[in-house]
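Naming follows writing order (A, B, C, D, E and F), and every chain is counted from residue 1.
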C-alpha cells in the first residue's frame, strides 16, 4: 500500500477529490498548510516595511491507496490539479507497511 | 522505528492520548484536518442551495514509536478511538529510517 | 529521496527556513500543529478548574530532499531550531519512493 | 399685594395663552426644593420619552452583547447555533411581549387578579400624532415605555441561553423562551413594577437585580440542572474545562453589555423631566460604571491571588457581576459604596463559578453566578444605602420571585423534557450542534474556493 | 375683554423679554389637538437637532454593521478587501456628499431644473454660534440635517459593496461609489425628499425603502449582473455554496444594523419638538423592532420547514428584510401590521435568495433580496396602513426610481468595464483579493513569530 | 416706557411664579444675537446634562474600540492578554479617576498650587434628587460631567496599551495606568480644562488633541522606547512585520472609535442649552466625520501610490489620525478645512509609521503616529481656523505638556523597570503572553471536545 502526499492549490481541492473518487479512491485527509517553494518569495509591504511572503496557502492531501492504484491516483491528481502555473504542487509517494480501520479492525487493503 | 498516522474523531483525542501514554508513548503531533471517507457525502443546504458535505472535521495524529511498540500502539488507538460508527478513522504505519531529537541530537530510539 | 518530518518551536520557523534555503532546499510544507511531548503536561486553571495542558503549539515541516542531502538538511534544522530547552522538537526521516511535480509531470529528484 | 397681583396675572395669562407652561408637574415639590421650578409638561414628556428611546436602544444592543459573549465562550462547533438561539430568542421576545407580556406586566387598572395577575390583551400604542389621545404628559409615551420594557424582557431570556448552551435543542429552547417572555417574566414583573403586591410590600428593586437578572438566573439554574452537564464536563470526579472559542468576541460582548447597562439602569429612573431627575440619572451612570469596574478589578486581583494568573473570562464575568449587583439600587450609593457593592459582586463570581462545578451544574458562560447570585446580593445590598428598603422585605421578595420562577420554569422544562425532549442526542453534541442541527459552521475555515 | 387684554399683555412681553417663548411652531395645530400647546421654538430646535445627531450616529454605526456583515459572509481570502472597501466607501461618501450630493438632494429654492435636478454647490453649515444666522427654529440645524442625511447616502453605497464582493476591483468600485453618492443617489432622493416631482405626485416613502434601499439594491443588481458570478459559483448547472467565513461577525453586523435602524427610521420623523412627534418616534421604534423580529422569525420557520434545518444566514437576512420592509412606513402600522409587513419581508428573502441563484445572479450577501425586493414590498405595503398613499403612485414611483438608477448605474458600470475593467483577473480571484490586491490577510493565522 | 413696564412686569412675575424661566444664562448674549432668547435654565440643565450622558456613553464605548483595534493588530498569541489589559485599564481608570483624578483636574477654587496643582479629594456627586443642593443650572450635573471626563481619562490610558503591547508585563503596566489616570493625566488636564495656567495663557484645545491624545502618545512613546522593541522586530537592519491577527476586529475597533469620537468632540462643546450650542455640536459632528474620512482616504491613496497596494491597517490608522487631528478644533473649520486637516493627519500616519520603525521604536498599533504626531498637528492647525489661537501659545503648550508627560511617565517607567521589571522574559514573549501569563488562549482552536 502507498501513502500519496499531494500538495495542491486550495481552489483545486474539489476537482482533485472528484478525480480521485472517479478512479475509486474512497478516502483522504485534507490539511490546510502553508507552502514554501518556487512560487514563494514575492515581497509585500505591511505598514511601510517590505517583507517577503515565503509561505503561500496550500492544501495538502494524504491518500492511502493500494499499490496497484498508485499510478492512477497520481495521474488523477496531476491532471486535475494542474494549472500550468508555478505553485501547482508536488506529489510524494511513501510505502505503507500496515493499515487498520479503527471501526472494524480490518487490516491493510481491507481497511481502505 | 515506525511512524503511525492515525485519523480519529476529534472528541476521542483525550482518550487516545491517555491510552497511548499508558503504554509508554511519550510524544505525538496533532493535526486538525478534514477527512473524506465513507462518512462523508451527506447533503446540507446553505442559503437554499444543496451541497454535499465532503469533508468532516477529524484529528490526525502522527506518532513515532520503536518498531516493537507499534502493535501495542495500534491496539491502544483502535480500542480507545472506536465508537463502532462510521468515521472512526484509519491507521497507517510507515517505516522511519532515522530520528533525531533537536535539543540533544540524540538519534533513533533515543530520540523518542 | 527522503521525506524529513521536523517538529519545531513556532518562532524558529524563519530561522529554519533560512538555514534550509542556505543548503539548497527549495521547498517545504508548513503545518500548524499541537505537540505532545516532554514539554507538555503543566497545569493551568480555567475558571477555577485545573487542567493539564497536554498540547503546545508547534510547527511541523515536511521537506522532501534528495537522499544525499538528507544529512545536511537534518544538520541545518537541528542547528537552527535548537534552543537547548525542552520542546525543541523531533526530526523523523522516511523514504520516498516516488515524487512528481504537478505542473510539469517531472519525476523524482527533478520534481524538487 | 404685588405677589397676589402677580399670581392673578399669571393665572389669567395661563388660561389664555400659556396653557402648558404652567401645568404643575408631579415633581414640582422636589424640583422646587432643588432651587428650580416647574417645567412645561410637554417638554418633560419629550425629555422622558426620548430618554426611554435612547435607553431602550442601549438595552436593545445588549442582545448583541449577549450574543457575542456567548458565541465567544462556547466551543467552535456550537457557535453558529448559539448565535441562532440569540437572534431567535430576541425576535420571539419582541413578538410575544407585545402579544401578551406587556399588559400582563403593566395592567394599570386592568388586573385579572388584583396585584397578582395582570391583563390579557395585545399592546396598543398611542395613535399617530397623538390624534385624539390624551397622553399622560407627566410621564412618557406608551410606545417608548413599551420599547424600553421589552428590552428588559428580552434580556431575561438571553441570560438563560448562555447557561444551557451547547446541548439544548433549538426548538424546545425557543418554546421556553416564548413562555418565559410572554408569561413568567411579565407576571412576576407586574408584582413589583406593575404596582402589584411586592411593590405594595415595599420591595425595592430599581432596575431589576431581582426582577430581571435573578429571574433569568433562576430559569437558567433550573434549566441547567434539568438538562444536565455537557458530555465529558465532569468525568472521574474531575472538571474538564472547555475553553471558549473566541475571547475577543467574549470581551466585545462584555463591553457591549456594559454600554447597554447605562440604558438599563439610567432609564429605570423613569423620568428625565427635571433637573433632579437628570442629575439622578447622572449618578446612576457613574455608579453603574464604578460598580462594573470594581467587579472587574476584584476578579482580576482574586484570580491572580488564587490561581497565580489572572483569568480573563472571570474578569469579564466580574464586570458583569458588578453591573448586576448595582442594578437593584444604582441611585442611592456613593461612588465608594458602588465600588464595594460591585467588588463583592466580582468576588461572588470568582468563588461561585468553581462551586457550581463542584455541584456538577454546568453553566457554560457563568450566567448563574453573574445574574442570580450577584442579583441576590445586589437586592440585599439595597438596604445599605436606601432607607426605604428593609432586609426582611428584600429577602422575602427574593424568595417569592425565586419560588415562582423556579416552579413555573421547572414545570415548563420538565414538560418539554417529557414530551419533545430538550437535549440533543449524544452524537449531535459530540459533533457539535452547528453541523448537526444547522448544517453550517460558524468558521468554516478551509480556504478552498 | 380679559382675553384680549391677556393677549395684549403677552404681545408686549413677547416683544420685549420673551421673544422665543411664544413663537408659533408649525406643529401648533396638531399639538393642540393632542391636548398640549406650543413649545418655545428654540427648545424644539434643540430637541430636533439633538434627535438628528443621535439618530445620525446610530445610522453612522450601520457602516460598521455592513462591514461586519459582509466580512462575515465572504470567504476568508477576501475579508481584508471587503473591510477596505467598506471603510473606503464610507469615507468617500462622506466627502462627496458634502462636495456635491447634499445640495443636489436638498436644493431648497435652488433647483437647476425645477423638481428634477437640484443645486450644484458645496455644503456650508451654519456659522459658529449661529453668529449672524437666522436659523429656522421650527426645524433643526443644517449641520445635524447634513450629518443625518449623509449617513443615508453612505448606507446606499454599503448595500452595493456586499452584492459585488469577492470579484470586483477596488478602484473601479470606488469610482462607482463616488458617482453613486455624489450624483445618482442625491438626484433621485431630491425627487422625493428634496421636494421634487415624486413628492409632488404624493409618493410616500417615510425613511427610504425605495429612496435608499431599493436604490442600493438596483445598483447592486446591475453591478452583479454586469460583473458576472464568482468563479465556480454556478458550474454544471449546479449552485456551489461558498459559506461565509465568520458567522459571528455576520450576526454582530446584523445586530448593529438593527440598532442603527432605530436612528434610520426614528430620525426620519424629522421633528421631535412636540409630544406628538416624540410619541410618533416611539411608535416608529416599536414598529421597526417588531418588523425586524417578524422577518427573523419568518426566515427561521421557513428555513426549518423548507430545508429541515434553520439557516442562520437566512435569519440574519430575514431580520434585515423586516427592517427594510417597514422603512417606507414605520409610523402608521400597528404592531400587528408591522409583524405582517416584516414577516412578508422575511419570506421574500427565503424565496428570493435561491431564485437569484437560479438566474445565476451572484449576490454574495443577499443584498438584492434584502434591500431591493423587500424595499419594493415595503413601498407597496404603505398603502395598507397609510391612507395618503395610493398604489398607483407607489408603483410608478418605484418604477421611475428603478429605471433611473438602473440606467445611470449601468452606464457607469459599463463605462468602467470597457475602460479600466471592473473584474479582477482569474488568478487574483482564485487566490483571494486579500493577498493579490492588498498583500495582506485578514486572519494570517500562522502563529510563528 | 412700555419696555420698562414690560420688564417690570416680568421681574415681578419672575420673583413669584417663574423663577427659572428667566434666569439669565451665560450664553444669553450669544443666543440673542442668533435671533433667539433665553431658555428656562432648568431645561438647559437637562439638555446639557443629557448631552453629557449620551456623549459619555459614546466615549465609554471607545474602550471597546481600543480593545478590538489592539486585539486585532497584535499576534494571535498575545490577544487574550491585550484584551485583559484593556478591560483592566479601563476599570482601574474608572476607580482612580474618582479617587484622585477628577478633583485634581477640576479643583474649582480648591487648587493646592494655584493654576498648577489641583485638589486632593474623592469625587462626590450631587445628592439624590438634588435634595438640599444648589445645582449650577447654567451648566450640567456634576455626575454627568464626571462621567464624561472619566471617559477621556480612560482613553488616554488605552492609547498607551496599544504601543507597548506584546511584551510588557501586566501588573507593572497596570501600575503605570493607575499613576497615569490618577495623577499625570489629571494634573496636566487641569492646566487647560481645569482653568489652570495653560488656559490662562490662551491655549486652545477644544477636545484634547494635546490634553488627551498627545498625552497618551507621549506616555506611549516613552514606554515603547524604555521597553524596547519586540524580539525579532528589527534584526539585521531590517524591519520584520508582524501582521495583525484579525483585521476584522481591527476594523470594527476603528469604526467604534469613530462612533465614540462624536461624543468625544461633540460633548466637548460643554453646553447644549441654546440653539447656538446645539448647532455648534452639529458642526462638530460634521467636521469630525469629514476629517476622519479625509484621513482614511488620504492613507488609502498614499499607500496605493507609495506601495502599489492599499494598506488596510494604514487606512484604519489614517481615519483615526483624521479624528485626532480635528480634535483640537472641531468647531471653527469649514467642511473643506476639516478635509484638509484630516487629510494631513492621514498623511502623517503613512510617513510616520515607517519612520518610527527606522528609529527602532516599536509601536504595535501605530498609537504614536495617530495620537502623538497627529495630535501635535491638530493642535497647531487650530491657528488656521480659530483666531483666538496663537501659534506661539499652541507650540509652547504642546511643549510644556509634552515635557511634563515625558518626564513624569519616564520616571514611572524607569522606576518600574528598575524595581519589578516591565518586560516579560524572552521565553514568555516567544511563546506568547496569553499562555505564559494568563494560561489561556484567545482562540484555542483545537475543536476536540
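Following the convention adopted for this analysis, contacts are C-beta pairs under 8 Å (C-beta built on N, C-alpha and C of every residue); 3 or more make two chains touch, one makes a residue touch a chain.
Since this is a predicted model, take the numbers as computed values, not measurements.
Asks: Chains shared as neighbours by subunit B and subunit F?
Replies: A, C, D, E
Asks: Looking at A-F and A-E, which one has the bigger number of contacting C-beta pairs?
Replies: Of A-F and A-E, it is A-F that has more C-beta pairs in contact.
Asks: Quick check: how many Å separate the C-alpha centres of subunit D and subunit F?
Replies: Roughly 31 Å, centre to centre.
Asks: How many angstrom between the C-alpha centroids of subunit F and subunit C?
Replies: A distance of 47 Å separates the two centres.
Asks: Please report how many Å separate the Cα centroid of subunit A from that of subunit C, as a whole number.
Replies: 18
Asks: Can you list the subunit D residues in contact with two or more other chains?
Replies: Residues 9, 21, 40, 43, 54, 77, 232, 243, 246, 252, 307, 309, 311, 313, 430, 439-440, 445-447, 449.
Asks: What are the residues of subunit B that contact at least two other chains?
Replies: 11, 14, 30-31, 34, 44-46, 55, 57, 85, 94-95
Asks: Tell me, which parts of subunit B touch subunit C in their complex?
Replies: Interface residues on the subunit B side: 1, 3, 14, 17, 26-31, 62, 64, 94-103, 105, 111-112.
Asks: For subunit F, which residues count as touching subunit A in their complex?
Replies: Residues 239-241, 243, 306-309, 311, 313-314, 350, 353-354, 357, 366 of subunit F touch subunit A in their complex.
Asks: Spell out the residues on subunit A that touch subunit F in their complex, using ranges where they run on.
Replies: Of all residues in subunit A, those touching subunit F are 44-51.
Asks: So in the complex, which bits of subunit E are touching subunit D?
Replies: 2-3, 5-7, 9-10, 21-22, 30-31, 33-40, 43, 47, 51, 54, 58, 75-77, 231-232, 242-248, 251-252, 254-256, 258-259, 262, 266, 272-276, 278-283, 285-286, 289-290, 292-294, 296-297, 300, 307, 309-313, 315-316, 319, 331-332, 334-336, 339, 430, 432
Asks: Across the complex, what residues on subunit F touch subunit D?
Replies: 9, 12-13, 15-21, 40-43, 45-46, 49-50, 52-54, 56-57, 60-61, 63-64, 67-68, 71-72, 79-80, 83-84, 86-88, 90-92, 94-95, 98, 122-126, 128-135, 137, 140-144, 146-147, 150, 170, 246, 249, 252, 437-445, 447, 449
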